[in-house]
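Each in structure tokens, the structures are laid out below.
Two complexes are shown next, each including subunit A; its partner changes from subunit B in the first to subunit C in the second.
Up next, the complex of A and B:
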């Protein structure tokens, strides 16, 4: 049997309060959604393996395991926050499609995150797609953010599970490509 | 370990563990597994398995082990479980172990249970965020969406104001009037999103897209056996839209035979499926739109007067782009930014001549036409700014051809003959210059050469 190379990576969930960071993680890790909003304090740690990935150049199979840091809304940026960000290989930056200001906040957060981890990979998520009319989404905001951070974006619904797995796999692929 | 130390640790909700120089668990207090939320067998486990949150902090952990760093701490950590009611938190502190009898470095790990303090903090924060989320859901999204209607002119501001007012009244029928491409569909969607609860349905149908009989069954639904092909019962759009919005695009094209039936529905909010005797009631908002002059249609007996009056309660006339002088450039610049980002092109704006061309054009196809023109211009733009000659308007396209005419002889003419004639004429007009002739006909040089060879046209 072909040997798998196991790789563990720390990734952070970034975004303003109430954008659905914890719900995305819960949906991804436990296939579950809770309707009640429960604000996160500190950091929730979870682990999940991604589907095995065969590298096109070497042909070897790599199995990525995410150590997911679901961070509380960061109101004050301090030493503790720096410790939270430190050593992350990537981040999922989450915006709430129903709240415009969450796009602005993500820009500030990403700047701080990339100061600590300049080589890390970012994937953007526009969450709560189940609540909005897709034709009314301001794509310009996503295109602008994805252009600024040279990355991709995925529209997700933590509630229905739409594109949630794909979002994490997308970050996984980005990380393995950059190895 | 002494019993009294265990007592102190338990009282203070503290636990400890010692890791050897390979960062393998060596020794630990009895409550260590419980406070650090590790349910598996601890013995001979590495620090990375017990505290996966330390992955990414390898440098810091090693620095503490080798005493080049005094301490490393992570606060308010929680191992996420499926049961959010039972989440518990801890602070993890790593220190170099000061033990004179052991020569190899060791790591002391202190875990402090902070669940009660963190939960208290969570409760306070929860209240604050819940209020903010509620406020955002009541106002934020509506304001956010209404800004999708671009422009700063008074006419555009009026449209936004109208949407704001109508959003609070859920059951009024709305009529949107405006030329094609003025954004009637967009406005209907915004009214729906800002006035209806999340997840409520938005169902749209273009009244011009289906023949009369099909349209009736689509809107009102039918029972099994209502007509030959009705093998099963089917809900109509009225039922699909229950609790939300039904958007009837091009209402002016609603067949006369259906107008009376629809009027009855608007007045009673009840209807019957085709082939049914049972009345159904639904709770929906109807938004209708048209690019027709409905008053004129009433005069021409094409549209029922009573239905027009029923629809014309809350009417919004969407201004055509030619009436929004100052906004043409705002909208154009928005599309330049959008498409430049989308196509990853370094296009930053419009030259003065391009701006003048956009401002002076009448835009019969309104915003839709402007969007398409800018999309094309961004695709083909060669510099950082789009120039006037890259803004290809409908009048530019029609100018050079001057509507070419082809005379059809009484005995008829084949398309091949027309093609041969065009190829010959192009060569004559360009004095045999094949490149220019190809361009005149909108062909590539290779295609042009292939065709003149195919028809044995002398060159």
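Up next, the complex of A and C:
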């Protein structure tokens, strides 16, 4: 049996209040979720293994395990947030497609996150796709945001579960590619 | 003759009374001596002491009760007086005596306890009695003490090696058999978060670090290294040299694996060998062999988590107590205000206070309710700011009413040739579908819809049937982008330049390219001013392209002022969308 290489990565959930960060984690992790963690010290830590991935160059099978840090009150950026960002290999930056101001907030958070982790990989999530139409002006701005950070993006719905797994897999692929 | 006679008489007297005279003289001397002794009280006391002592002793022996009765009040009064007058002296005098007495008393009590324990142990554990007796004889430690050591032994339960920067678990070695769980990774993350939390909350000038967490018999010791730290879960009383040896273990691990740690990227396979020194360390202290190693936490890890939470709850509460009560008071006020709005279903919204700013999100059934909420909340004292992020989700009756409203607005168009339009309401969206002959008509209809106050989002899906004819057949729009401007400003915002750069990059490899730049404004000023403003905005964009070597002859500038809004000018959000420049990349065929 071919040996799998286990790789563990810390990733952070970024996004303004109410964009659906925790709901996305809840959808993705599903089996291990404790709200009390979040309310106690301001961080919810969850764990999830991604499907095994065979690297095209080496041919070896790699098994990514995400340790997901979801921060409460992330919009109130302080030194504590900086500590939480430290050491993250990647982040999922979540915008609410129905609220344009969340794009500006994610922009600021991403700048701060990348200051601390300049080599980390980002995937942009346009959440609440179940509520919007892709012809909206917000959608254009979302795409511009994705372009400006040169990130891949996924349109998701934490409510219906649409593309949520895909979102995390996408970040996993980005991380494995960057190795 | 007379003197001779007298002499003889004296001589005769001397002969007859010599002995008596001597005795008399001796008696006189003794009387003088006795008088002298009686006048010298000290000397008299010395003389009488043995006699009186003897007499008293006899008296006490013969009349004990009578003596006690007589002396008790005198002695008590004297002792009381002495204690009051010279308390410190009395204490000093009694201290060594009492100390010795207590020590003696405690020692006797302990001896009795140990004897009692020994007896009980002998009764209960007869099978192990002999072995313990032998061990006791050899080591010189009592059987009772040996039993206590056996009952409460020191034990290393777990050792976690955690990457300091990321909080990722590098290795977990468990000393006892356990069931598989995912908690070990969460514990590593939480411990790291807690270390950061404590360091940030209670930081001092020194480079202090959290180094110990206690819960009942369990203790988590954190030994910091350069790249990693060890979290060691122990039970019982740690031996004196334990911390020192733990530090040595950390150094040993660092010396052997520092290159791996320095480049640690989450590949836990690279750290497999780390398990050996840890196992060896555990075996040094644990008498029982290791039953299971790695990837296997136990139920009591849950207690560690509970401990961690308990510590944090206490810390957090102490830290934020004032804020907490103030926020709770404000939240109660918010709730009571919201409860006064009859049409509002509180289950559909959520709210929280952050730095005296209230964020409200969720869904309400009408704009009126949303506005009522805003007014109600702004009347609360102590709330500096209210951010109303509520969206409107129309109730069925309101939806019908709204669709009727849309229908009335669209009716004039439906009668025109080439127009097939209708509007529907979905959630808080108004969706316009159908066909119109020109782009201008599409925009007009969009503008009309934006006048419906209850419409939060308008999706204009109208298809322009003759759109292709608005451009000559020889032209084709390849790309279209929008950039936005601040109120009354013409400068391209730095964050918007990425869009312009993208268009430049897109066009540079293409032939026969033209750029159409169209400027617009909101309706805050008069129309003449707005027209000039929109022109200047369009020219700002053109200047940017020119500065980036795009040939001016291929740029076409248009400006429309406040005409053709893409969103309502009645709200700031809408006006922000209208302050724009549209850029189209057009290719000549």
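The criterion applied here is as follows: the second predicted complex is superposed on the first by the 163 of 179 C-alpha atoms of A that agree within 3 Å, B and C clash if a C-alpha of one lies under 4 Å from a C-alpha of the other, contacts with A are read in each partner's own complex, and residues count from 1 in each chain.
Here, contacts are C-beta pairs under 8 Å (C-beta built on N, C-alpha and C of every residue); 3 or more make two chains touch, one makes a residue touch a chain.
These figures come from a predicted structure and were not determined experimentally.
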Which term applies to subunit B and subunit C once both are placed on subunit A by superposition, clash or fit? clash
After superposition on the shared chain, which partner residues are touched by A:10: those of subunit B (first), subunit C (second), both, or neither? both
For A:121, select first, second, both or neither according to whether it touches subunit B, subunit C, the two together, or no partner. neither
Classify the contacts of A:98 with the two partner chains as first (subunit B alone), second (subunit C alone), both, or neither. both
Partner chain in contact with A:47 - subunit B first, subunit C second, else both or neither: both
Would you check which partner chain A:140 touches, where first means subunit B only, second means subunit C only, and both and neither mean what they say? both
Quick one: is A:21 in contact with subunit B, with subunit C, with both, or with neither? Answer first, second, both or neither. neither
Once the shared chain is lined up, is A:107 touching subunit B (first), subunit C (second), both, or neither of them? second
In the combined picture, which part of subunit C sits where subunit B already is, 81-89, 99-107 or 171-179? 171-179
Footprint overlap on subunit A, where subunit B in one structure and subunit C in the other make contact: 8-10, 17-18, 32, 37, 41-43, 45-47, 67, 69, 73, 80, 83-84, 86-89, 98-100, 131-133, 135-136, 140, 144, 147
Which stretch or stretches of subunit C touch subunit A in the complex? 163, 165-169, 182, 185-186, 188-190, 193-194, 196-197, 199-200, 265-269, 309, 312-313, 316, 350, 352, 354-355, 359, 361, 389, 391, 427, 429, 431, 457, 459-461, 481-482, 495, 498-499, 502, 566-567, 573, 577
Where on subunit A does subunit C make contact in their complex? 5-10, 17-18, 32, 36-37, 40-43, 45-47, 65, 67, 69, 73, 75-76, 79-80, 83-84, 86-89, 98-100, 107, 131-133, 135-137, 140, 144, 147-148, 179
Using the touch definition from the top, list the residues of subunit B that touch subunit A in their complex. 48, 52-53, 55-60, 72-80, 82, 84, 87, 89, 118, 121-122, 125-126, 129-130, 132-133, 136-137, 140-141, 144-145, 148, 185-186, 189-190, 192-193, 198-199, 202, 334, 337-338, 341-342, 344
In the complex, go through subunit A and note every residue touching subunit B. 8-10, 17-18, 25-26, 29-30, 32, 34, 37-39, 41-47, 67-70, 72-73, 80, 83-84, 86-89, 98-101, 130-133, 135-136, 138-140, 143-144, 147
